[in-house]
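Listed after this line are the structures, all set down as structure tokens.
Heads up, the next two complexes both have chain A, just with different partners, chain B and then chain C.
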Partner chain A sequence: MTTTDLAAGQGVAPRALPKAGAALDRWRVPLTIAVLAVLPFVLPSQALAVNVLIYGLFTVGFNLLFGYTGLLSFGHAAFFGTGAYLTGMAIAHLGFGWFPAMLTGIVGASLLSAVIGALSIRTRGIYFCMVTLALAQLVYYVALQASGWTGGENGLRGFTVAKADLIGGFSVNLLNPLAKYYFIMFFAALALWFVSRVLNSPFGAAIEAVRENETRARACGFDVERTKLLSFILSGALCGLAGTLSALHLSIVPLDALSVHTSSIVVMMTMLGGAGSFFGPFVGALVFLLIEDVASLWTTHWQLIVGIVFILFVLFLPKGIWGSLIQLTRRRRAS
Partner chain B sequence: MDLELILMQLFSGLALGAILVMVALGLTIVFGMLGIVNFAHGALFMVGAYAGLWIAAQTGSFWWALIVAPIAVGVLGMAIERFLIRPLYGRTPDDPLLLTFGLGYVLVETVRITFGTDGIPFSAPDALQGVVDLGVGYFPIYRLFVVGVVAVILLLLWVALEKTRFGLIVRAGARDPLIMKVLGVDVSRLWLLVFGLGVGLTALGGVLAAPMRNVSPEMGTLVLAEAFVVTVIGGMGSLLGAVVAGLLVGVAVSMTALFAPEMATIVMFGLMALILLVRPQGLFGRPAGA
Partner chain C sequence: MTALMEVTDVGRSFGGFVALAGISAKFERNKVTAVIGPNGAGKSTFFNVLSGVLQPSTGSIRFKGQELKGLKQHRFAHLGIARSYQITNLFPELSVEENVRVAAQALKTRYDVFSHRDRYPELSQKAEAALGEVGLTHRRARRARDLAHGEQRALEIAIALVANPELLLLDEPTAGMGPEETKDMVALIERLAADRTILLVEHKMKMILGLSDRILVLHHGRLIADGTPTAVQADPEVRRVYLGQNDGYA
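Right after this comes the complex of A and B.
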């Protein structure tokens, strides 16, 4: 993806942006958190709000690799699913508490992304998509075969966390949907803050340099391979966190969490919202899940509608909703 | 473990591999020429199987299905290239990839709406059922037939690419489309034909595979991943690579199924990982490829 036209939230010099844009950029983390905080009250259902939260975070992780580093992976379900499975398995089989189980999931997903990343960044462009897809399929089949640990086709069950104990004797009742929402939002907020810091750091500039022109980045003295790998691992860790939260939320891990379908969803959400923009992932997740929510009311074939909408986006709005909005405001200012 | 069993398994690996060769060839021809990866390739394999099913039901003849279905789906492929992919030339290679990926969704759902979500059994014609004694053991006739058909197609393809004027233009176009344009060749018509050819090949694979497994809307998903594995092992854009790697993967999968059934699907991905470590450009790939 060569989005030379920089969207808000990328390393643009502040004076190049209109005032509102600069403010939006500076306050992007608090703004996103504020919107997320009211989401359960404005969306048709709280279940939808939790999904926007979890899939939005998943998409943020994916966007770090695709939107900012320019690497299109079709295998990110591997990290989402591994985060979810390891969390569930740590609780169900090893009797871990919720927090160590979460850490297990995140660390496991990061290690897996280090392995898959190291293998797949040896290839480029279109190859990269195919290799990530194939390696994720490998993880899927391993989980399917190791049914003693993972529950195989039936998915992993039996690790309901009803109450999350915090330090100092406090606890969160996870059976209360709203409490659970804010519990999950806390981690999403931490992750958002982290991603924002990463994007503003020199490393954030380095990954965009790799995306824009790999040869030039190399000529400038960047270690392109290490930059890509680190971005891959960070992305995998964030997707693992999303998986972990999804496991705590659903209390089951369906095998589908590792499937091509899950990898595909995150690609579509990113494209709908706008790759390489800070707000894009949550916008994309929201729009995708809204389409699913509304369309599945009157047809079981809602994927047809999603597919058509997606094709139209690729043809006519390749920058996604948020990216196109930014382009529009910039054009208006220029004229 | 007796020799006969191993031979039989080796042979069913070849039949499995022959199908993969069809799918991977289509993928790699389109990539070599147009520089795009068709993510709807697996879905078009599935559409081919359903088209075969439908034609066989209408005409009562498997042979009509075998001939008409790939051509019909190939024409569908040309329409896809003309109306959906052509507007994207000149953009990044990710865009056609993403578009065909969305198209795959649409095709799968359309088939689900038309034919239902359940798998449908599809049987080979009577003449191709049963087994034949080849001296070293009994082999299912249908699988022999599949290997034979694929061998004929490969031969035809080789003749078409190496011995005809069309083949010369195709090969030159794969090397440098710009020069072709300068020399006055209508490259866009060429691309239309090549895309149709690639889609037709995978559809033929779908029809051939139909009697060996159930026809279901999801049958394309695994095939797409398998075709990716084959093209990565063989080398993207290399026709010889697609043939060799397709047969190799087929045999590897079916031999593993004999000794360690639970590892059968996993082994080809392992093979791919190994190739990536040792020879990232694939067995027959050009090293510098982007």
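Right after this comes the complex of A and C.
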């Protein structure tokens, strides 16, 4: 990437914008990672930075299904929460190390997404929303009832990982916030690289085709149901990873991780940032968390503010913040 | 030589309404067959049944000897049956080239999540060839939704064509086209007909008579005539139910 491209990216040289758009796209993984790497230093607090990281990753996973495949699930807390709970339970009850515990969370979330996906994928539109919502509520109640394992209403506690041992005798001190941030960012970076590969792959073209026109995709020879199911599982696995990281970060899993509230947060973050854009999820997570932070300072009804902002976005900026910026560069490229 | 497709006693109902009943016909290779009939006669329903969009309620459809009834729709493309739609049916936000390329990809790889799309250069070559055939090469970077109507109809056909199908079903390919665009489309279908089996729904009689080897006439879901253009034109029942009132369709 040349310096002119960088300048164009800031809107200084409009005629070079198309090039900037293409370069942004080609370098989306390293650029996103670079932004995430400086986040703890540019945001007002490190706590905010790590939340942007984790919720951003959660939104990336959700966005694969919603933005790229065109399926609006209202039950993605199930995968985030399952990833978190299984990781916590594996450590607290089974004495697993941090890494096997993470794998447990990711595999568990993937299996759950295969089941929920298989049950929901044949429905469309509002029915798909409702089925995913209902199945996620089922998972919520299971966690609520199985309090011996999950801690029920109080959430799961007692699995603090103070130090993550790596191979070769190295370890990361997770009590140091900055070290923990980069520890979490490492997994987020891997996930981003993976998602970018998926989007560039033939399967990435297949989900676009399904999103654009299911009937036509089927006539072309795509098995639409299987394509959707695979996308659903990949999405669930990524959200499970985000949940896993959230458990390691907080050393507690609140029951809220499985709630419809969490399911709706990820929808809002996606819409704020821009559905179907690579970097949008992190923009959406940041804006949402900032509004929450600021609004909750001067009113207890901060959720009302978030709701109003969300509605304004849906009405006036349906492509979200980042999605609208991307569209601007595309328009210039086309003309 | 056996027929490419053999349709036996095929029917389709919607609730109690019989849209198609007792259709039997054989389709030989490399022939153009036109399917005509008044609006609501069941032509699109017939195409939907032949392309797997709808399951037939009765009867059997054999393609190269294989029974198609009960097969999932996406399998039809893999067997060599492709179609265009009466109402333009594209991937609107994708570029013209991506529209055709993804159609070619469907027959090649569907669940590869890890290699790069560009690892399959032959797909781009196929897309390029199909776009060349329908005369859309100069539009390849346009979004499909930004094309003119006639160009969208051509893209419809390119998407079907890129699969190199043995059987091509074209549902009113000139729908909504002016005389110039229609002329181009007729020339295209003539070129395609050289080495393909084509079934064609159309209302423009002059075009049908010039293009087809054979004409099927549907009326109220029944096959009321099946023969050469000359024979069908002379058929008194056909004249009564369709041709006599055809002026309004042209």
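The definition used in the following text is that the second predicted complex is superposed on the first by the 311 of 335 C-alpha atoms of A that agree within 3 Å, B and C clash if a C-alpha of one lies under 4 Å from a C-alpha of the other, contacts with A are read in each partner's own complex, and residues count from 1 in each chain.
Assume contacts are C-beta pairs under 8 Å (C-beta built on N, C-alpha and C of every residue); 3 or more make two chains touch, one makes a residue touch a chain.
Owing to the predicted nature of the structure, the values given are computational and were not obtained by experimental measurement.
Student: Looking only at chain A, is it chain B or chain C that touches more of its residues?
Tutor: Answer, by number of touched residues of chain A: B.
Student: So, A:Thr123: does it touch chain B (first), chain C (second), both, or neither?
Tutor: first
Student: Applying the touch criterion given at the start, work out whether A:Leu72 contacts chain B, chain C, both or neither, answering first, second, both or neither.
Tutor: Only chain B is touched by A:Leu72; chain C is not.
Student: Mind working out whether A:Val314 is in touch with chain B, chain C, both or neither, as first, second, both or neither?
Tutor: first
Student: Looking at the overlay, does A:Leu138 come into contact with chain B only (first), chain C only (second), both, or neither?
Tutor: So A:Leu138 only meets chain B here.
Student: Looking at A:Gln303 after the superposition, I want to know if it touches chain B, chain C, both of them or none. Which is it: first, second, both, neither?
Tutor: It touches chain B, and chain C stays clear.
Student: Touch check for A:Glu212: first (chain B), second (chain C), both, or neither?
Tutor: Touch status of A:Glu212: second partner only.
Student: Pick one for A:Leu289: touches chain B only (first), chain C only (second), both, or neither.
Tutor: neither
Student: Given the touch rule stated above, what does A:Thr227 touch, chain B (first), chain C (second), both, or neither?
Tutor: It touches chain C, and chain B stays clear.
Student: Could you list which residues of chain A make contact with chain B in one structure and with chain C in the other?
Tutor: Of chain A, no residue contacts chain B in one complex and chain C in the other.
Student: So in the complex, which bits of chain A are touching chain C?
Tutor: Against chain C, chain A makes touches at 197-198, 200-206, 208-209, 212-213, 215-224, 226-227, 230, 234, 334.
Student: Give every residue of chain C touching chain A within the complex, in rising order.
Tutor: 51, 53, 72-78, 82-83, 85, 89-94, 98, 101-103, 105-117, 120, 143, 159, 163
Student: Across the complex, what residues on chain A touch chain B?
Tutor: Touch list, chain A to chain B: 1-2, 72, 119-120, 122-127, 129-131, 133-135, 137-138, 141-142, 145, 260, 264, 267-268, 271, 301, 303-304, 306-308, 310-311, 314-315, 318.
Student: Residue numbers of chain B touching chain A in their complex, please.
Tutor: Touch residues, chain B against chain A: 31, 36-37, 84, 87-88, 91-95, 97-99, 101-106, 108-110, 112-113, 221-222, 224-225, 228-229, 231-232, 236, 262-263, 265-266, 269-270, 272-273, 276-277, 280, 289-290.
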